[in-house]
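Below, chain A partners chain B and then partners chain C, in two separate complexes.
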Partner chain A sequence: MSQTTLAPPETGTPEPPAPAKRKYPWYVIKPREGERVKAFLEAFAAILRYSNYKPALDQYSRSSMKCSSCTTNCPVYATTHDPRDIPCYRSGLLLKTYRRHFTVGGWFAAKVSGDPGLTEAEIDEMADVFYRCTACKRCTLECPLGIDHGLLTHLGRWILSELRIVPKGLEISVIEQLHGETGNTSAIPAHALKDTLEFLEEELLEMFGIPMHYPVDEPDREFVFFPAVSDYLLEPETLMGNLAVIHAAGDAGNWTIGTGYFDGINYGLFYSDHVLERTIAKLVGEVARLRGRKALIGECGHASRSAKEFVPVFGGDLTVPVVNIMEYTLRQIEAGKIVLDPNIITEKVTYHDPCNIARSGWIIDQPRKIIRAFCPNFVEMEPHGRNNLCCGGGGGTVSVDEIHEFRMSVAGRMKADQMRATGAKYVIAPCANCKKQLKELIEYHKLDTKLVGLHDLILKAIVIPGAKSPAERAAAERGE
Partner chain B sequence: MSELLAFARGPFFVLTFTFMILGLLRHIGLRTYRLYQVLHRTPKRDVPWGKIVRNTAGWLLPIRHIFTSAPTMKIASIAFHVGIVIVPVFLADHVFLWSRGLGISLPGLSDRAADVLTLMAIAAGFYLFGFRILNRTARNLSGRIDYFVTAAVLVPLVSGYLASHPESAPLTYEALMLIHVLSANLLFVLMPTTKLAHVVLFPFDRLSPEIFWRLVPGAGDRVAEALRGNRQGAEA
Partner chain C sequence: MSEMVKVVNGVTLPLDEDGFLQEPDKWNEQVAEAFASDEGITALTPDHWKVVNYLRDYYLKNKIAPMVRRLCKETGFTVKQIYELFPSGPAKGACKLAGLPKPTGCV
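What follows is the complex of A and B.
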């Protein structure tokens, strides 16, 4: 594929004075120049040697049937009909490289057919296509051979990242998280966190008329709380909803936020096992420091999945159970500890399933049960649940501003249509990534709907004895 | 020609058939060992067998996947697979081979049933071949090997059918049998060496989404270290 097609078709804006060149469809901090083929193959070889990917590549390169069934499930391909967006084609680039360079049969076949092996152009193509996939894994549902294209996208990106070919939007956050002073992806210092929490407490006091507190650095608590750290900047209502629920459930003394580390985000899930592992180490390290017993993850799909799936893998002796805040909230509702007023959110609401928690079947029913407990006018998007459509910003692409247009008009187009079709006043998306993408989609496609977190609505409807009622709070909000 | 046919049916058949069996067994052994390795290297070792068995069963007769897309292709694919699994094993003439060669006695298909299934598989096979050529997406994906493998399965089917209906066949019975036996022998060789290996590997397909995300602790550090070592080596 020629270089010209690698430029994102979506960039219409002039290039800002960039610290890094735009050889790739996104800014890259310090990509490896020169002998990239050699470097790529060395990285691939090292990964094969030390990781668990070889059996997957063996299996997939043997079974890939090129039947095209996956195409129907990919929202990106369904929109572009561009061959490079076919899940099997993209995965095939990596499988081909694996066969040619790491299997005897493939090496022999390449010799016979005069195939020169991996080329610079193929590396460029991989850099392009692996970030046109949102790693939503929807294609996997339709692959008769069970090929996990999301896994191959992840692996392809990991190899590329060893050449420092990673979108700057992701890498810069990871550098701050793993090496920076603040130690989190949004670069929020601990004192700013405390200020934010104080501010939120004041808001809550005004809203409910009773004090509620975010416990900070309290040792020996059951839960240590990790929302996507960006929530502290962007989603105050979600965080206030979280506190209101925990307070009302009588768990005020059972949880804490740690100032040593308070970020649920783990971009390693998107592009590197190395980053993934080190980020998990920070999370379990903080729980251990505070002698907590469980990690409570906020409303965020990839934060929840990365903790749920990889704390047991990378946590070592510090492994703790991982609970998503929606699981927690539902348990409290079912135990009768939380009461939600069904007369507050009477408008039509719909729910977006974040791929990272829904595709595996982990969290699908829980939020629906919560919503049905207080939103009488709930409608589903079609399709939903396990077969949901990605918001179009999955796999870390939402953090890559340079491909905004791609996310809006390609990857998220079907999602926008889906939201529009429900006619809902509120779209609930319990995920920091999805929230950002869907808000942008709503604006871009001029949809008449409002994007909220699940706990944002709970905040409006929760009944706390001794506090102002939901109706009073609603009246106050309207300025009555 | 009859000598060649005798050779193809005799020692050559035994050779290729044995090659296939051994090759497929190797695949099963290797794949099992690799999965053991995967689980051995990661601390998260539980395997949701129930889910895997359910999913595998669901894909054996993938009715609920038919209407997700290209339903005719899916129906053709199912018809093709049903035909090529049942006919070669249970055709009366083959049942005879099983019992003579390996002492296995299997129930035979009636001629009529065999004809219907074979024609169904042939029609479906041609449809699938055509789909690869005519459907833009499938064409973009397909390489030479994909066409070759489909054709390689079709030749023994067509030649076998014609050989059992010599009255309507354009070639002599002997010539058809030669094509049939040789192409079947070729298929035996292709079975373990191409993606046709999925005849035995399909039970592993549903394991993959459950198992392959079990990453290895410390792999990232070791990879980084190895690459640093490479770079330093290159600079020295």
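What follows is the complex of A and C.
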């Protein structure tokens, strides 16, 4: 792996008078100033040397990158019609650099034609366009040459991040996750986690009239649970729904939450394999510490995909199976262990497919089977499933406050139209990224709908023998 | 980043680029009042203080903001009432007034 530049900003070293600061489209903590071309090429060379991107780049860089079939599938380009938003134009910036500097033919052609090679202006352009892409990979469905533009966005961002050109919203969280005291992206201390779990247990007791517990640091359990850690700040109902399902399925003694590491989030998936690898190491390390046998990931698309795809890649001897909570819940329903009352959620509901779990075809039918088990009034958005539209905040862009307007009026515009067209009362989005973005879209576009997690609705409809019925709970919620 | 500051009673307090206090220990009631006028709150009522003090106490104990559900439960306000008190909402309004740092991650 190449040298990381992730360490917290240095302090104390006197700096020479700084040249005029470069402008980036978003706030950057401490990017490399001055001459960056050499650093970019060195980082690129190191990545090529210590990774297996080269064969893919060799193949991709032989294509013209001018067919533009991808334009038919990109929700950003469909909204802006700006050539810089064409996926193969964006990918072409990186491939052109690769061709000129890392292939013999490209190097020779550059010499003959007098091409000066990579320029500062091209680095600025990459910093701009790679974060106008939400890495939703919808373009890959239409590319006749099989180019994975999402992968190239990721690689481009990785090289930029080695120059510390990375949005603060992502970097600050990763610094806390990998170097900070709390070790997670939302900086939640373990004692605060326990306090929150106790609060949720009290809420559940009040709701159901029976005690349910979040097991903490229990060794030798089948599942170690990793939701997006932000759920512990923002999504009480999702977390309570998770516990209610596990409790009702009779698995109360088969899972645990570890206080050593309890964050499913892995921003490395968005911008750096180096961060990706180190975050995976934390996850498998915690499962091993507790002698757990599987990683159970909560409602989060990128957390699920990063674990599913990269625990086997970077997990080494500690590799464990990865299960998404919706896969788990469906299994319990199909085994007859979970009963959901079909008379509680009678309003129209729709389902948003998070790109990270749907584009590969991994999780598409499972949530729909769960929804159909208790929501009689389910409607689909069009398109959906593998061909879904991104929420507009994918690829980490949702954490970049500076591009809020872009996410609302460009990247998420088609999604807002899609949600509106269903007329649904509830939009279900089982992903922390999508939840944040879609809530903001609903507010921005003044949509008459409510954004929920799948387990939020399950919490309302689940029937637990000996506990208050869903109808009783609904009445209590209405204050009757 | 360092250009953004708030001066309260002659004390200069650095803010982050979103206007949150960078050093939460420097908070005092005058700071809350100074933030309030930026938020378009003309005067801090006992209801405002109930929310701000709860957030402040919770933060000092847990080093993190509470869930909104918990804030509502403990203060007795509905989410709608919190928004009426703090037009920018619980996180960008109330937490900022209470001197909490900006939350990070997917929040």
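Just so we're on the same page, the second predicted complex is superposed on the first by the 456 of 480 C-alpha atoms of A that agree within 3 Å, B and C clash if a C-alpha of one lies under 4 Å from a C-alpha of the other, contacts with A are read in each partner's own complex, and residues count from 1 in each chain.
By our rule, contacts are C-beta pairs under 8 Å (C-beta built on N, C-alpha and C of every residue); 3 or more make two chains touch, one makes a residue touch a chain.
As the structure is a computational prediction, the values presented were derived from the model and not from experiment.
**Q** Quick one: on chain A, after the overlay, do chain B and chain C clash, or do they fit? Just give me the call.
**A** fit
**Q** Answer with first, second, both or neither: which of chain B and chain C does A:398 touch in the superposed model?
**A** Second partner only, chain C.
**Q** Can you tell me whether chain B or chain C touches more residues on chain A?
**A** When the residues of chain A touched by each partner are counted, B comes out ahead.
**Q** For A:228, using the defined touch cut-off, is the partner it touches chain B, chain C, both, or neither? Pick first, second, both or neither.
**A** Second partner only.
**Q** Touch test for A:86: chain B only (first), chain C only (second), both, or neither?
**A** A:86 contacts chain B only, not chain C.
**Q** Identify the partner contact of A:63: answer first if only chain B is touched, second if only chain C is, both if each is, neither if none is.
**A** A:63 contacts chain B only, not chain C.
**Q** What is the contact status of A:46 with respect to chain B (first) and chain C (second): first, second, both, or neither?
**A** The first partner, chain B, only.
**Q** Between chain B and chain C, whom does A:432 touch in the aligned arrangement: first, second, both, or neither?
**A** The answer is second: A:432 touches chain C but not chain B.
**Q** Applying the touch criterion given at the start, work out whether A:27 contacts chain B, chain C, both or neither, answering first, second, both or neither.
**A** The answer is second: A:27 touches chain C but not chain B.
**Q** Applying the touch criterion given at the start, work out whether A:187 contacts chain B, chain C, both or neither, answering first, second, both or neither.
**A** In the superposition, A:187 touches chain C alone.
**Q** Could you say whether A:236 touches chain B, chain C, both of them, or neither, answering first, second, both or neither?
**A** second
**Q** In the superposed model, how near does chain B get to chain C, counting Cα atoms only, in Å?
**A** 22
**Q** Which parts of chain A are touched by chain B and by chain C alike?
**A** none
**Q** Can you tell me which positions in chain A touch chain B when the two form their complex?
**A** 42-43, 46-47, 49-56, 58-60, 62-69, 71-73, 81, 83, 86, 88-89, 92, 105, 140, 142, 144-148, 151, 162, 272-278, 309-310, 312-314, 316, 319
**Q** Residues of chain B touching chain A in their complex?
**A** 27, 30-31, 34-35, 37-38, 41-44, 55, 59, 62, 65, 68-70, 73-74, 77, 135-138, 140-143, 146, 193, 195, 197-198, 201-202, 204-209, 212-224, 226-227, 230
**Q** So in the complex, which bits of chain C are touching chain A?
**A** For this pair, the touching residues of chain C are 1, 17-18, 62-65, 67-70, 103-107.
**Q** Which residues, counting only chain A, touch chain C once they are in their complex?
**A** Counting only chain A, the residues touching chain C are 27, 168-169, 172-173, 176, 184-189, 191-192, 195-196, 199, 203, 228-230, 232-234, 236, 265, 300, 398-399, 401, 432-433, 436.
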